[in-house]
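Two complexes are shown next, each including chain A; its partner changes from chain B in the first to chain C in the second.
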Partner chain A sequence: MKINSRAVVMTLYLLFLLLPIYWLLNMSLKTNTEILNSFTLWPRDLTLANYATILTDPAWYMGYVNSLIYVCLNTVISLAVALPAAYAFSRYSFMGDKHLFFWLLTNRMAPPAVFALPFFQLYSSVGLFDTHIAVALAHCLFNVPLAVWILEGFMRGVPKEIDETAYIDGYSFGRFFVKIFMPLIASGIGVAAFFCFMFSWVELLLSRTLTTVDAKPIAAIMTRTQGASGIDWGVLAAAGVLTIVPGALVIYFVRNYIAKGFALGRV
Partner chain B sequence: MTLELRGVSKTVSGQTHIHPTDLTLRKGTMNVLLGPTSSGKTSLMRLMAGLDLPNTGSVIWNGEDVTGMRVQDRRVAMVYQQFINYPSMSVYENIASPLRLMGVDRGEIDRRVRASAEMMQLTPMLDRKPLELSGGQQQRCALARALVKEAGLVLLDEPLANLDYKLREELRAEIPRIFEASGAIFVYATTEPEEALLLGGNTATLWEGRVTQFGLTPDVYRQPADATTARVFSDPPMNFLQVVKTGDRLMFGERQSIPATGGLRSLQDGVYMTGFRPNHLEIRAHAPDAIRFETRLTVTELTGSETFVHLDHAGESWVGLVHGVHDLKPGTPLEVWLDPRHVYVFDRDGALVAPAAYAMSA
Partner chain C sequence: MEKTVNQKAWFLVLPVLILVAFSAVIPLMTVVNYSVQDTFGNNQFFWAGLEWFDEMLHSERMWDALGRQLLFSGIILAIEIPLGVFVALNMPKSGFWSSLCLVLMSLPLLIPWNVVGTIWQIFGRVDIGLLGHTLDALGIDYNYTQDTLAAWVTIVVMDVWHWTSLVALLAFAGLKSIPDAFYQAAKIDQASRWKVFRYIELPKMMGVLMIAILLRFMDSFMIYTEPFVVTGGGPGNATTLLSIDLVKMALGQFDLGPAAAFSIMYFLVILLISWVFYTVMTTIDRREG
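Let's look at the complex of A and B:
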């Protein structure tokens, strides 16, 4: 029998890739007893109780709601700020534009932990502590530069003559930007939004530091599930599965443009 | 309607793109800006359109100073070398967009869009997106959008340069027709002398940011004001050779000479420059008084029924355009002949002293 070696390698690769995700899913459908007492490749005693716990207990599901609120807020703010900034970088030359453009990216080079302390103190003193907007604004520090870079790359691909033709035709700047320019870079906006969403969704340190109860994100809740009876493995796994879902959904919509996005629009 | 440039100049980061220029374009005229790449054609057009602000001087439209006016408020239209349309809109919406912004009512928009689409042969494509069209059709769409608003000033910046040969000829034949119908001031930039001659009207020749001459196209062609204009308005460029006027003769080197007739007779003795176009060089004695030059062939280019011969005449490179196919080996000596009636005489600063005799009689 002839064995296709490529297929074997590919299958093994996919297997290793999917193993942790499968194990998470597997755990989420087991009871705690089964998880702790035996090694089973699939749930012997299939149960949806773990998911039921999360979807009925506000202490759990509010985590998702909080996360979604600040992630969406952050995405909207980042894009609203980055669109005009990227347009300026792509169309005009002004004093220090290249330095400023590069400096924006250096913001991403500092670990979030560096900013946790100043943000904590600042937000506490202005009364923003434990609010959604606090986390959204903190994440802008990383997401705005990234969105500016991605959008600038896409905007650079649009010839300047289109802008001028529109002005000659009588479009005001605002009308041109919304009616003609934005549809042209729609995929860029989609990719930038995805990256903002993703970074904000997976970021744990800042969001945990800046919240206590009202805006506590799901990732923070997951790290605090140690009850009197020990760790509730099943529920934790179910929470993990549910945390993957939004990211997977969003990535599906921009799958064709991801590569260009990782190259910051410069392909 | 007139467009007047008064002492307009443009400098970008220390580099002069346009030297102070005066130019008056009249209503219902076709004006060709002719010059090689980066001679300032586009810069001048951008100043006319109001896309750039001149550093000095003013732009006058119908007697009104519009120098600082926003481009949106001017009645101009522009077509670029690249095919610029709004990719997210259909062809219909592309053409309609300037009218919608002007607040023209629906029925009128529909009538005008369909009329200009018809003129541009775009009627079957109205529902498509511009990027689904061929290059020629995309440029037609851009032209239709420029014409539909009935602007007083229509700027065409090398609109045919990115099209293939056949489409270019087709559209080039249409442009004068469209122009006739519109009554606007047309400005057409091109690098090709042939295109300027085909379009007719007026021609302004540009060289390194200066308008070297402006006048009726045939006049500029036949009587270039200086050597630079002659060089720009000739493709391949005009050939030049130094002469010495002594008494009543113009001496080419030691053996060749022609009589100094007409306006040349009264010239002071001294060194001058003669110029003659490539198509006036022949490889046989075609006139009884033709002068003969001994040259060496460097390159031949065959273009179907004609041959470009690149020649070396005592260190100067010339080009000749001769009829028929002449497959000659590079390096062979070649005798070429020139009718004295085709010789332009310039002074040492390049200003025209006497146009060629044939140009005067034409």
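Let's look at the complex of A and C:
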């Protein structure tokens, strides 16, 4: 019998990836009694009560809403400023362009832990503390450089003759950019949006530091399950599963571009 | 591509510049400010010069944390890069299975970092976790909250679980860009599998692999949430990496001066190493045209 070694490798690797996620899902469908008292590979006593707890309590589900609001805000802001900048970097050379590009990248390298306290003070002093826009702006720190980097990679692949032809045909810069150029790099924009979404969605340190009540992200609310009577494992697991859902949905839409996107458009 | 010289392009970059200046330069200046001042509270500050830097440079705590951090980044790079390449070589090239693999592999990347921590915290527990329970049943003494080695193994495996897919996806993108003609030529020359990898696939992947190494190095050097959730830096200080130590110092003990000096040196180390990678990367980019 011929064993396909490729399939074996991939199966093992995917198994390794999915087992911990399965375990979380498994726990989220159990009652706390079952979790703590018996060790079961699948829920014997299937229950959706943990999900019901989350989806009926505003203190819980508002966390998801808050997270989604600042993530979307961040994606829009990042793309809006990154598009023209990426165009400039990919088409023109100007004084200090290389230094500027590297300086932008250094912000992607800045440890959030370094910025946590100063951000807290900055946004408190301008009265933006505990708002969605504060978190969205804070996340721009690493998302804008990344978006510029990715978009520049994609734009480089568009031949310059297209720009020139459009200008000869009498297009203004703005009309050319929106009508002709943006559709050409649509996949690049999608990928950049995906990455902004992703990094804003998974970040916790800054979003937790900058919020207390009104804009508190779901990831920070999850720590609530550590109550006086110990940890409510079932609800914790259910909340965890629900945080995976938006990511999984977004991946599905960009699945064909994901590999190129991770290479920052440089393949 | 030949670029036109056009100073007006600055206007296109301006929005980015303003935004990043607001969210990076101002906070960074605050840090610099703290690092050269001392306070007795009440918002009264006075000049301390380079005292904090001096203190931090002679602080064993920081050197220990830096040592652990370098060890951690070193281990995960040594595992994730080869493993990621290996997985990429085994991925189906196209069709339904390829898409399925891509989606499933990206899944860990989109899980919020503290949920990643929670997943492994649960997974590794001896009483309710599959991993912990299985190891315990096999008679292996495993307890990540008590035992240093177990704690390290847990955070390393967690990071491998979390990020190997990123390396694999990058390597996969690199592999897909190799034209079939290269493989056909190798077949005619009767090149071995190893030689195909060494002389065709590896050089073609070099560019994306550099990005992978750069991203993985930067992110592992700044890692905070995942190990914090799993071990809280313990047992003792065994898994207190740089960021964990810094947050403890700045937000926990509110030692602003030392924390700020620490921050600046921390940032400079990352910057230096990243600059080296970046230079290598752009050189490769240019050579390939």
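Worth pointing out:
The rule we apply is simple: the second predicted complex is superposed on the first by the 257 of 267 C-alpha atoms of A that agree within 3 Å, B and C clash if a C-alpha of one lies under 4 Å from a C-alpha of the other, contacts with A are read in each partner's own complex, and residues count from 1 in each chain.
Going forward, contacts are C-beta pairs under 8 Å (C-beta built on N, C-alpha and C of every residue); 3 or more make two chains touch, one makes a residue touch a chain.
Given the structure is predicted, the values throughout are model-derived calculations rather than measurements.
Look at A:38: by the touch rule set out above, it reaches neither chain B nor chain C.
In the superposition on chain A, contact of A:169 is made with chain B only, not with chain C.
When the shared chain is aligned, chain C comes close enough to touch A:233, but chain B does not. In the superposition on chain A, contact of A:56 is made with neither chain B nor chain C.
Touched residues of chain A, counted separately for chain B and chain C, are more numerous for C. In the superposed model, A:204 makes contact with chain C only, not with chain B. Once the two complexes are overlaid on the shared chain, A:115 sits against chain C while remaining clear of chain B. On chain A, the surface touched by chain B in one complex and the surface touched by chain C in the other have no residue in common.
Residues 1, 3-10, 12-13, 15-17, 19-20, 22-24, 26-28, 30-31, 86-87, 90-92, 99, 101-115, 118-120, 122-123, 127-131, 133, 161, 165-166, 169-170, 172-174, 176-177, 207-208, 211, 218, 221-222, 224-225, 242-243, 246-247, 250-251, 256, 259, 263, 266-267, 270-271, 274-275, 278, 285 of chain C are the ones that touch chain A when the two sit in their complex. Against chain A, the residues of chain B that register as touching in their complex are 49, 51, 70-72, 76-78, 80, 82, 84, 86-89, 97-98, 101-102, 142, 145, 149.
Taken together, the chain A residues at the contact with chain B in this complex read 159, 161-162, 164-172, 175, 180, 183-184. Chain A makes touch with chain C in their complex at residues 5-6, 9-10, 13-14, 16-21, 23-24, 27, 35-36, 39, 41, 77, 80-82, 84-85, 87-95, 97, 100, 102, 104-119, 121-122, 137-138, 140-141, 144-145, 148, 156, 160, 198, 201-205, 209, 218-219, 222, 233, 236-237, 240, 243-244, 246-248, 250-252, 255-256, 258-260, 262-264, 266-267.
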